[in-house]
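Here chain A shows up in two complexes: once beside chain B, once beside chain C.
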Partner chain A sequence: MRRWGWLATPGLAWLAAFFLVAFYAIVAVGFGNVTDVYEPVPHWNPLDWNVGYMLQALDDLLPGGRSWGVFLRTLLYVGLALALSLAIGYPVAYYVSRHARGRTKVVLLVLLVAPFWISYLMRMFAWTNLLDSQGYAAQALNALSIDSLFRAVGLLDGDDWLGGQPIAVILGLVYGYVPYLILPLYAALDRIDQRLIEAARDLGASPAGAFRRVVLPLSKAGTLGGIVLIALPMFGDYYTPDLMSGSPRTAMIGNTINNAVQGGPDKALGAALTLLLSLFLLVFMLYYLRVLRREEGT
Partner chain B sequence: MTKLAPAPPMAPPTPPARRRLRRPSGLALVTWVYIAWSLVPVLLAIRFAFNEGRSRTSGQGFSLRWFWTDPTLSVRNDPTLWSALEHSLVLAGLAMLIATPLGTALAIGLQRWRGRGSGVTNILTLLPLVTPELVFAVGLFLLFTSLFGFIGLGTTAQVIGHVTFSISWVVLIVRGRLVMIGRDVEEAAADLGAPPWHVMRRVLLPLLAPAIAAATLSVFALSIDDFVVAQYMASGADTTTVPMRIYASARAAPTPALNALVTIMLALTLLALVLAWLAYKRLSRGQEAGLTTFAAGGTK
Partner chain C sequence: MNEPSGLSRRRLLAGAGALFAGAGLAGCENTTTPVRTAEGGGGDGIMGDPTAGGPVDAAGIPLARRDYPVTLPRIADPVKAGRPERGGELQIYNYADYLNPEVLKAFGEQEGVSVRVTTFNTLDEAYTKLSTGRFQFDVIFTAPDHLPRLVGRRLIQPLNFDLIPNLRTEVWPELHSPFYDVGPRYSVPYTLYTTGIGWRNDKLGDFDPGELGWEAFWRAGDYRGRVGVLDDSREGLGMALMRRGVTDLNTEDEAKLTQAADDLIELNEIARVKVAITGYETLPAGRMWLSQVWSGDMLNAVISYLPEGTSGDVLSYWYQRAGGPVFNDCICMGANAAKPVLAHRFMNYLLDPKVAYDNFVGYVGYQPPITAIDAEALFAEEILPENLRNCIVTPEDYANGNAYLALTADGRRAWDQAWARFRNG
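Up next, the complex of A and B:
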C-alpha cells in the first residue's frame, strides 16, 4: 500500500508552485524596490532585500501613521461584528443542536446550510436592494426609529443607509459571516453528551445553572474555533465596505491593501502591508490549523 | 474570504429518548427569525428579478423581460451580463476538471505516505484553508506579474487560482472518506491476488466515488461564488465573472437584470446540488449514505 505515496506528487507540486511561491512573491515584492514608472521589482534573493517598504508599512500602521486609523477601525468593526455574530449564532446553534428534533431538525439544518451555496456578494447585493432609500428595510428601520438609535450611538449619519455608514458595514459583515459561525457552533454543541447535562440536573442544578456549568465550558473550544474561522476573512474583507458603503470613511485594512496593490503605484507598499497583516493574523491561522488537524484526528 | 465551503464533519444526533421534555419557545422564535432574516433578502432579490418595471426595491408586476425578452438589457441580450455568466461557468468547469483528480490523488497519496515529510506536506495541504483570500490573491497577482509573467493574468490565471484553493477542500472531503473506508477491503482484494492497479481501479475508487462526487460539487460552488481571486487574476472585460459583475454594478443603479443574473446562478447551483446528490446516492449503493453524510461533504 506504500507504493501509492507518489500519487501525492502532482498535487503537492501544484501547491508548491501556486501557493508557496505565491506567498514568497509577496515577500519578494515587499522587500523589493520600484522602478521609475512605479512597477514593483521583486527581490527574490534574501541578500538583496530592501527594507524600505516594510519600514514604511510598519510606520503607517503604528499609532500616528497613515493607516493607523484604518487599522483601529478594522479592529472595531471586526470586534463588533464578531460579538453580534456570536450573540445571534450561539442561541440558534444551541436550539438546533439540543432542542430541535426529527423532521424539524433536518429542515432547520438544510436552511442553515443554504447560505453556503449562495455567493457572498449575491447576499450583500440583496441588501443593497433593501437598504436603498426606497427599499423595504430602509423604510421599516426608519418607521421603527431604529435609525435614531444608531444615530445616537454615532454609527449612522444622515439618511442614506448605503452612504458611508459604519452600521451598514458592521451589519453587512454579520449578515455575511454568521452562517459560517453557526455550523461549527452547532457541531461543538451537538457533541456534548446529554447525560452530562442530566447528571448536573440530577445533582440539583437549575436549567440555567446546568447550561452555565456544563454546556458553556464544553462548547468553549468549538466556539473559539468558529470565531477564528470567521475573523480571518473579516480582516481581509474589502468588498463588504465597498458594497455597503462605498466611502473611504468606512474603509478597512483590506481596502487599503486592495487600493495599493490593484490601484496603482503602491504595489510594494501593498505587499509589505499584506505581510504585516499576515503576521498579525498568524496567531489566528495557527490556532485554526490546530483545530483542523485535531478534527481530522477524531 | 478564506474559503468557507460546506459543512464540517458532524457528530451523530443524540437519540430522542434522552432529550429534555421542556421546549424553550423563546429560542425557537429566535431561530426562525434568524432563518427568515438570513434568507428573505435573497428571496426578495429573486422576486424583483421578475419585475415588469425597473424597480429593484419593490414588486412591480411579473415578467421575464430581465431574463431574455428585453432586447438590450436582459441577461440574454446584454453582452456584459451574458459573458459574465458564460465565463463563470467556464471557470467552474475547468476548476472541477483539474482540481478533483489532483486533490483526490493528493488525498490518497498523503494517506499512504509514511516516510519523512508527511507531517509537513499535511500542513501544506491545509494551509490554503486558513489563509485569508486577500493574502492569497495578492500573492498570485504579484507572482503572475513577475516570475510567472509568461502565464500572466487572465482566464488561465483565474483557473489556476480557483484550482489551488479547491485542492485543499477536495483533500479534506476525500480524506474523510478514505479514513472511513480503512485498509481492510484493499488488503482483502490484494490477498485474493489482485494487482495494485486493479485494487485501485475496482476497489478503492468505486468506494471513494461518493466523496469524489461531493468534492466535485464543492469545487463547482467554490468557483462559482469566488470573487477576490477571480478579480485579482482578471485581465479585462472578457474575464469578468458573475460576482465581479455584481461588485461592479451593484452601486451603479443597475436594472433588475442583475437580479435576474443572480437568480440564474442560484438555479444553476441548485441544479448542481441535485445532480451531485443523485450521483452520490447512486454511487454509494450498499454503503452508508444519507442526507447528513452528503451535507457533511461525504464524510461523517
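Up next, the complex of A and C:
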C-alpha cells in the first residue's frame, strides 16, 4: 500500500491546487470585507475573519429573510427535478442493465453517453431555439396538444414555453442532468447478481416482490449516488433558469449568488451564501457516505 | 430593508466587539488609497479639486452632474507627441461586438500593427480586472460614470489632445469639454445612446407608448412572458422611477428606491419579465415583443440580427424626449499603455467621420457624436428603416436628457440592494 502511495500525489496536488485553494479563497472572501468601491477584500487569516457577511447571509436564508423565498423555490425545483429524473432514469437504467441484450445494449449505452459529448450549456442553448414559438419542439408540443394539457392543469401560463414558466426550468434541469443519473444507476443495477433475483423468484417472490426486496435495496447506494451527483450541481445552477426563463419569478439560489458576485455590491455576501449552500449540501453528502459505508459493511 | 453587511460590520465593531473578540475583527478597512494629484493635495481632501464641496464617490472624487461639471484630477502628465509605435499589438479592452472588425483591420494595415481586442461583459468586471494591475491595455472603452474610479485607482492616464485633432474638428461641440471630464483630460466620446422602449409592431398592433410612456410596461399583462427589462440595476430601477415621474435618475432616496423595487416586483407579477440585455437579438427573433432597450441595440438588431424573412419594419422604438436617459460611452488610455502615441492615433481614427460612419452603420449600430454624419440622410436614403427614426440621438436630446451618473458609495449600495430584491423574485 505504502509503496504505491506516491501514485496519488498528482491527484492530491491537483485537488490541493484547484479545489482546496479555490475553496479557501471563497472562505476568505466570505469572511472578508468589501471596499467602498465594491472590491472584495479576502481575509486569509482566520484570526481576522469578519463574520458580518456570514451572519447577513444566514439571516437572508432564514424564514422571512431576503433570500428565503428563493431558497424555498430552489428546494422545490430541485426536489421536483430529482423526482422526475428518477422516474425517467430508473426504468431506463433498469431496462438497459437487465433486459437489453447484445447489440441493442451497446447501442443504448452509446446513446446514454452521447449527451456527454455536447456541453451542458450548448444543450441548453439549443432548447432556447427549440422551445421558441417557431421552434420545432414548441410546434411539436403544440401539435400534440401538450401545451393545452399543461395549461389545463395550471403548469403553463400563456403559450410561451420560455416566458418565465417554472415548468420549463424544472424540465430543463431534468433534461440537463438526467444522463448523469442514469449512468451510475446503470452501473449499480448491472452489478446486481442475477442469481439473487432468481433465488428470490425460486423462493416464491412475485416479480414485483423480487424487485422490491432485492433489486431496490441493492441499488440504493447507486441511486443515492446518482441523486447526489445531480442534486449538487442543480442547487448551484443559475444558467438553466437564466436560459429557460430569465425571469426573476423563476430565479434560483444560484442566480442570487451569481448576481451578488457578478456585479452586485456585496461579493462577500455571495461568497458567504455559497459557503452556507455548501454546508447545506454537505449534509446530503454525509448521509450518502453513511449509507455507502453501511452497505460496504454488510 | 435590511442593513447592508458592510455597515453591520462597522456596527458590530462599535457595539458588539466583545461578542466576537476571538474572531479578531480587524480595524477599519478601506483599501482605496486616494491618490495625490499633480496639482497638489490642498483643499478639503477631495483630491485637491477646486470644485470640492459636492457629493463625492468612494475615491473622494466629486460626482459630476450636468449642472455640476467636474475636472478630474491630473494624476500624471500626458505623453508627448512622438512617432507612433510600430509593430507588435495594439491592445484594446472593450465590450464584445462594439467595434467593427473591418475598421480595426484597416487601422492595423494603416499603422503596421495588429490590433487585438480583449472583451469584458460589464464595466464592473472590467474595473475589477484592470485593478489587479496584471493587464496592459493601450485603449480602454468605458462609460463616463466610471471615469472617477479609473482615475482614482490610476488605471487610466491623461490624454494629449494635440494628438486627437478630430475631437475639436469633427465631434459635436457639446462634447468638446463634457461635464464629466472638463477639459477634457482623460476621455474622448465614442457613441451616443438613449434608453427607451423597443417593440414588435407586428405583434402589438397599434401599441404606442407615446401616451403611456413607461407605464406601458405595467399594462403589458397580455404579452406576459414576452416583456424584457434591461439587466442593469440603474436602468431597471430608473425605468420604475420614471414611471412615477421621478426626474432625478441619480437619487439616493431610499424611499424612492424601495418604491421602484416594489414597482418592478409588481411588474414581474403582471408581465413575467425577462431580465436580460439581449434585446438586440430577442426582439428581431420575435422571442420578445416589448422590451426596455438601448437605442443602438435596435439599429444593431436591423444591421446584424434580423432573421431571414423578417423585415426591419417590424421594429419600433420610443424614447422619452424630455428627461429620458441619454448618454455616451467614452474611450480612455490605459495607465501602463505600451503604445501611447498609437493609442491616441486610434482614438483620432475612430473620430474620423468616414471611419465613424463605417463603424456605426456597418456594424455597431450605436451612433457616434460626429457632426458630419447626417442622421436624417440615413433614413432618406433608406439605409436605416424609417420606423426606427427615434433611435437617432440629436444634440437637443442630449441637452434635454437625463443620465445615470456615479453615486456615492452608500447610494450605489442602496440601488444595488433594491435591485437584488427584485432579482430574487
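Operating definition for what follows: the second predicted complex is superposed on the first by the 255 of 298 C-alpha atoms of A that agree within 3 Å, B and C clash if a C-alpha of one lies under 4 Å from a C-alpha of the other, contacts with A are read in each partner's own complex, and residues count from 1 in each chain.
We adopt the following convention: contacts are C-beta pairs under 8 Å (C-beta built on N, C-alpha and C of every residue); 3 or more make two chains touch, one makes a residue touch a chain.
Quantities reported herein were computed from a predicted structural model and do not represent experimental measurements.
In the superposition on chain A, contact is made by A:265 with chain C only, not with chain B. Touch criterion not met for A:84: it reaches neither chain B nor chain C. Once the two complexes are overlaid on the shared chain, A:132 sits against chain B and chain C alike. Once the two complexes are overlaid on the shared chain, A:248 sits against chain C while remaining clear of chain B.
In the superposition on chain A, A:164 contacts chain C only, with no contact to chain B. Within the superposed three-chain model, A:5 lies in touch with chain B and out of touch with chain C [touch as defined at top].
By the document's definition of touching, of the two partners only chain C reaches A:70; chain B does not. By the touch criterion defined above, A:155 lies against neither chain B nor chain C after alignment on the C-alpha atoms of chain A. Contacts of A:36 after superposition: chain C is touched, whereas chain B is not reached. Taken together, the two structures place residues 132, 134, 162, 246, 262 of chain A in contact with chain B in one case and with chain C in the other. Taken together, the chain A residues at the contact with chain C in this complex read 33-39, 41, 43, 47-53, 55-56, 59-60, 66-67, 69-70, 73, 132-134, 157-158, 160, 162-165, 245-251, 255-256, 259-260, 262-266, 268-269.
Per the touch definition, chain C reaches chain A in the complex via residues 2, 4-6, 8-9, 12, 20, 23-26, 29-32, 57-59, 122, 124-125, 127-128, 131, 149, 152-153, 224-226, 233, 265, 268, 272-276, 285-287, 409, 412-413, 416-417, 419-425.
Considering their complex, residues 1-2, 4-11, 13-14, 16, 18-20, 22-24, 27-28, 30-31, 34-35, 37-39, 41-42, 44-45, 48, 55-58, 102-103, 105-106, 108-115, 121-136, 138-143, 146-148, 160-161, 163-164, 167, 171-172, 175-176, 183, 186-187, 196, 200, 221, 224-225, 227-228, 231-232, 242-243, 246-247, 250-251, 258-259, 262, 265-266, 269-270, 273, 291-292, 295 of chain B touch chain A.
In the complex of the two chains, the chain A residues touching chain B come out as 1-12, 14-16, 18-26, 28-29, 40, 42, 44, 88, 91-92, 94-96, 98-102, 105-106, 108-130, 132, 134-137, 162, 175, 177-180, 183-184, 186-187, 190-191, 193-195, 197-198, 207, 229-230, 232-233, 235-239, 242-243, 246, 254, 257-258, 261-262, 267, 270-271, 274, 277-278, 281, 285, 288-289, 292-293, 295-296, 298.
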